[in-house]
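Here the structure is laid out as structure tokens; the discussion comes afterwards.
As written, the chain order gives the labels A, B and C, with residue 1 at the start of each chain.
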């Protein structure tokens, strides 16, 4: 059975999981991954991956500036702010 | 006019009444509000609504109409939206604690288009959290009930949108569809639900779940409603680079024209789908009757093969969870989401806010998606799935060389009991077996009500068309509608 | 290759340069330096739910132009990828960048090392590039006592990332590389490359190996190198540190280290084990870019001559000395001014010297070599003086109408008043007289009044003539043409 390192993956995804959650997910995702194994049964060596649903290229915008909505709107939903900036707890370099 | 009878009038019928002056938008909106206030406690389709705002919009519409300045066919018709479509000044919760208090500072492009057409955009409809689910049971704000049987789910993730329409709480609703989230609830609730061709409808303002699979689409009581709603919301958008510059024609007129032309269509039945175990006998019976009906009007039914069908579900779940894990990375406790009160430092803000803000299914999919993209697994899972996706695309392209449309059941079984499947994610995922290919391939698809299983539970069938051939879909749906009346049945609420 | 203590260094640089576009890379919010916090934001910039990116055409074009200037291969198709990591300055916690199909591949940057003296051109060499790609910038963090403040003004600004091969072999070469790159990009109007404003940023990878060996040592990544000299100094320290470690018997662990310019040391930030897994995948929201031959040709048309090419041309075609060309050629404004001026009057050397010395002095800068390059770029327009005007001034000196000394005064006057050389000279009464008759009369007088000097001169003391000359110049208030005075005096004194 394919095994996901739940602890490592949760760390990559910045998700804090309880011990119960880790155990639950480990079992469930193990089964799901096993089900995914059928993908390896098909030969795709000569197949291009589907990058986009539609064959579009060069969807571009002219370099024209439009005023932003400003600090007040940018921060209207901010959990904490100060001096027109988002305030977060100390970032440790 | 009996207020309650208004509840189930198709929006097009209501629009004609507004146009003739037999009804005002204020009267209509008042009736809708009254019904919603009465029924929502049982159904929990709506997360919230602003009655005063709806009435103000209705008044403005009536005034426009009096001045002869109606903005379009649907001017004055209320349309309620799944709560992952941005309405400026409204909460955009996506059914999640993470965005419980987030007020959107902007309108989605579809909202701008509907407002420009004079429609009354109102309400926030319940959904599976971040559109991840097939039963609207993962919503942080409680689950929604199926109006046909309150012990059962309305499907998901656009369960609120389907239930609201099926219960007569809004004449038109919009949902979003990533793996079947419009079509499956439409089937469970006995109404029409359409997923447009990928790129038809702008995704700007739709909170992304899986960017290469998501589309916004309409629910409706009739084919005409769905067709006319498509005319309002479709169109290329410079703010959405994945939207496609396909022309938007009067679908409602074109389909009638096609029907009156009398050309019989060829419908393909994927042999792999009908061989499947787990197809509920009631659904199988309903499908037999649909096939018989189309044969009866002179259309041809043909077997087609989609040999890579058995790979569709894993392909979908690898791609969808990968893209979701990326799209949900921005919800982090920093700028505008729920922020944990117990975070000691910035790193902690991420872990705790995301741990608290997301529900179980969302976390499960984020982990799965992160895993399939991670170093050492990317090629075996993500890249592989994108390659298999090409194979599935090719299967359909080949089938459309032989038939005009593909015909399938929408779901393997009718609505299940609330709480029954939620503990087994894999079981839940297998629900999507018929609906995910149109998302993987970008093809348009519609669910059409076609009968009932025991216990008065609706059943739907699905039509799939080639890219940008919505008219073909709607023509076939209308051909069925002309000779059947399932879509006129309503729950006894 | 300068070895230190028995070891050779191998250096690779990753340089980020902000493109000076009007709007941001993936949305139309404006970008400029110095706005008040979070002013230059919109829902897309803030990574709000439901928002989507849209490509900035000019940013792509500028990137291709940089690639063309640096001899890169421009592919037919280029695409966009998401690079995932979490940090408060990241609005989406992924950066839209380019992974396997960037806009430019290969290429090189010509660098110049210091010569044996200031006046002699040093060695030139081409440093190979790996690639150049386009991506978006992040916001800015400011640390305060009880937390950190985040300003998203800069988030989403277009950045190009220029990656070199491990093809630099000393901190001085790294310095030369950045200087050359900056000159090239400034010259082409791509970016001002001011490191203090964050317009250009540089990370370095450095390893050492014993002299004569070929196997590369373990590389260390250096960050927080905040100026061109900082890059040089940080590399110098790190190379010495690595050599010290190796000599003491320790081995170098692959890691990221932070340069502290004040303390003058590098310190550990994170090890390889803690290295990021960016989980790159193609961004589904953005479509690939197809670059046709036609588009490439169009973009190539506007490109300026590269600074070193121009320098070589000036030295060859106009016989200008190295030092003067170094000043002129780092700046497109100065060089186009020069080229226009010589169209009006064909004395390249005099005109070049005037621009390089007198005009730049007026602009208040030291000559070429300033770190930021800031002052040299203050517009010549701000002086209110035209190329034709400068040409006219030099022509007047060449005709003998003005002496060099007078010309300096006239120049000041031209800048002050904005008037032409002729007008200013007339107004100041500055006119060199070459009237032999008039001068002869004054010379006779000076000879009569300075018998001692005359005697000494005739006795063989060449220098004594200067005293007499001085009297003449004084008597004419400096307006006599010194060459003519000399001629007349010698004639009067009966000397050839």
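In the analysis below, a residue touches a chain if its C-beta (ideal position, glycine included) is under 8 Å from a C-beta of that chain, and two chains touch if they have at least 3 such contacts.
The model shown is predicted, which means the values in this text are computed figures rather than measured ones.
Undergrad: Give the identifier of the chain nearest to the protein's overall CA centre, each chain being represented by its own CA mean.
TA: A
Undergrad: Tell me which of A-B and B-C has more C-beta pairs in contact.
TA: A-B
Undergrad: Please work out the Cα centroid separation of subunit A and subunit C, and write it as a whole number of Å.
TA: 41
Undergrad: Compute the distance, rounded to whole Å, between the mean C-alpha positions of subunit A and subunit B.
TA: Spacing between the chain centres: roughly 23 Å.
Undergrad: Mind checking the centre-to-centre distance between subunit B and subunit C? Centres are C-alpha means, answer in whole Å.
TA: About 57 Å, centre to centre.
Undergrad: Any chance you could list the residues of subunit C touching two or more other chains?
TA: If we look for residues of subunit C contacting two or more partner chains, we find 43, 46, 54-55, 86, 88, 147-148, 150, 277, 279, 284, 286-287.
Undergrad: Subunit B: which residues touch two or more other chains?
TA: 102, 105, 212, 238, 241-242, 329, 332, 334-336, 346, 350, 370, 374
Undergrad: By the touch rule stated above, which residues of subunit A touch at least two different other chains?
TA: Counting only residues that touch two or more other chains, subunit A contributes 12, 14, 51-52, 56, 59, 61, 69, 73, 86, 88-91.
Undergrad: Flag every residue of subunit B that touches subunit A in the complex, lowest number first.
TA: 101-103, 105, 198-199, 212, 238, 241-242, 244, 308, 310-311, 313-315, 317-318, 325, 329, 332-339, 343-352, 354-355, 358, 360, 363-364, 366-368, 370-371, 374, 380-381, 383-391, 393, 425-426, 429, 441-442, 467
Undergrad: With touch defined as at the start, can you tell me which subunit A residues reach subunit C in the complex?
TA: Per the touch definition, subunit A meets subunit C at residues 12, 14, 51-52, 56-71, 73-75, 82-91, 93.
Undergrad: Across the complex, what residues on subunit C touch subunit B?
TA: Subunit C reaches subunit B through residues 43, 46-55, 82, 84, 86, 88, 91-94, 147-148, 150, 277, 279, 281, 284-287.
Undergrad: Using the touch definition up top, name the residues of subunit B that touch subunit C in the complex.
TA: 84-86, 92, 94, 99, 102, 104-106, 108, 203-208, 211-212, 238-242, 322-323, 326, 329-332, 334-336, 346, 350, 370, 373-375, 378, 382
Undergrad: If you look only at subunit C, which of its residues touch subunit A in the complex?
TA: 21-23, 28-31, 36-43, 45-46, 54-60, 77, 79, 86, 88, 141-144, 146-152, 258, 269, 277, 279, 282, 284, 286-290
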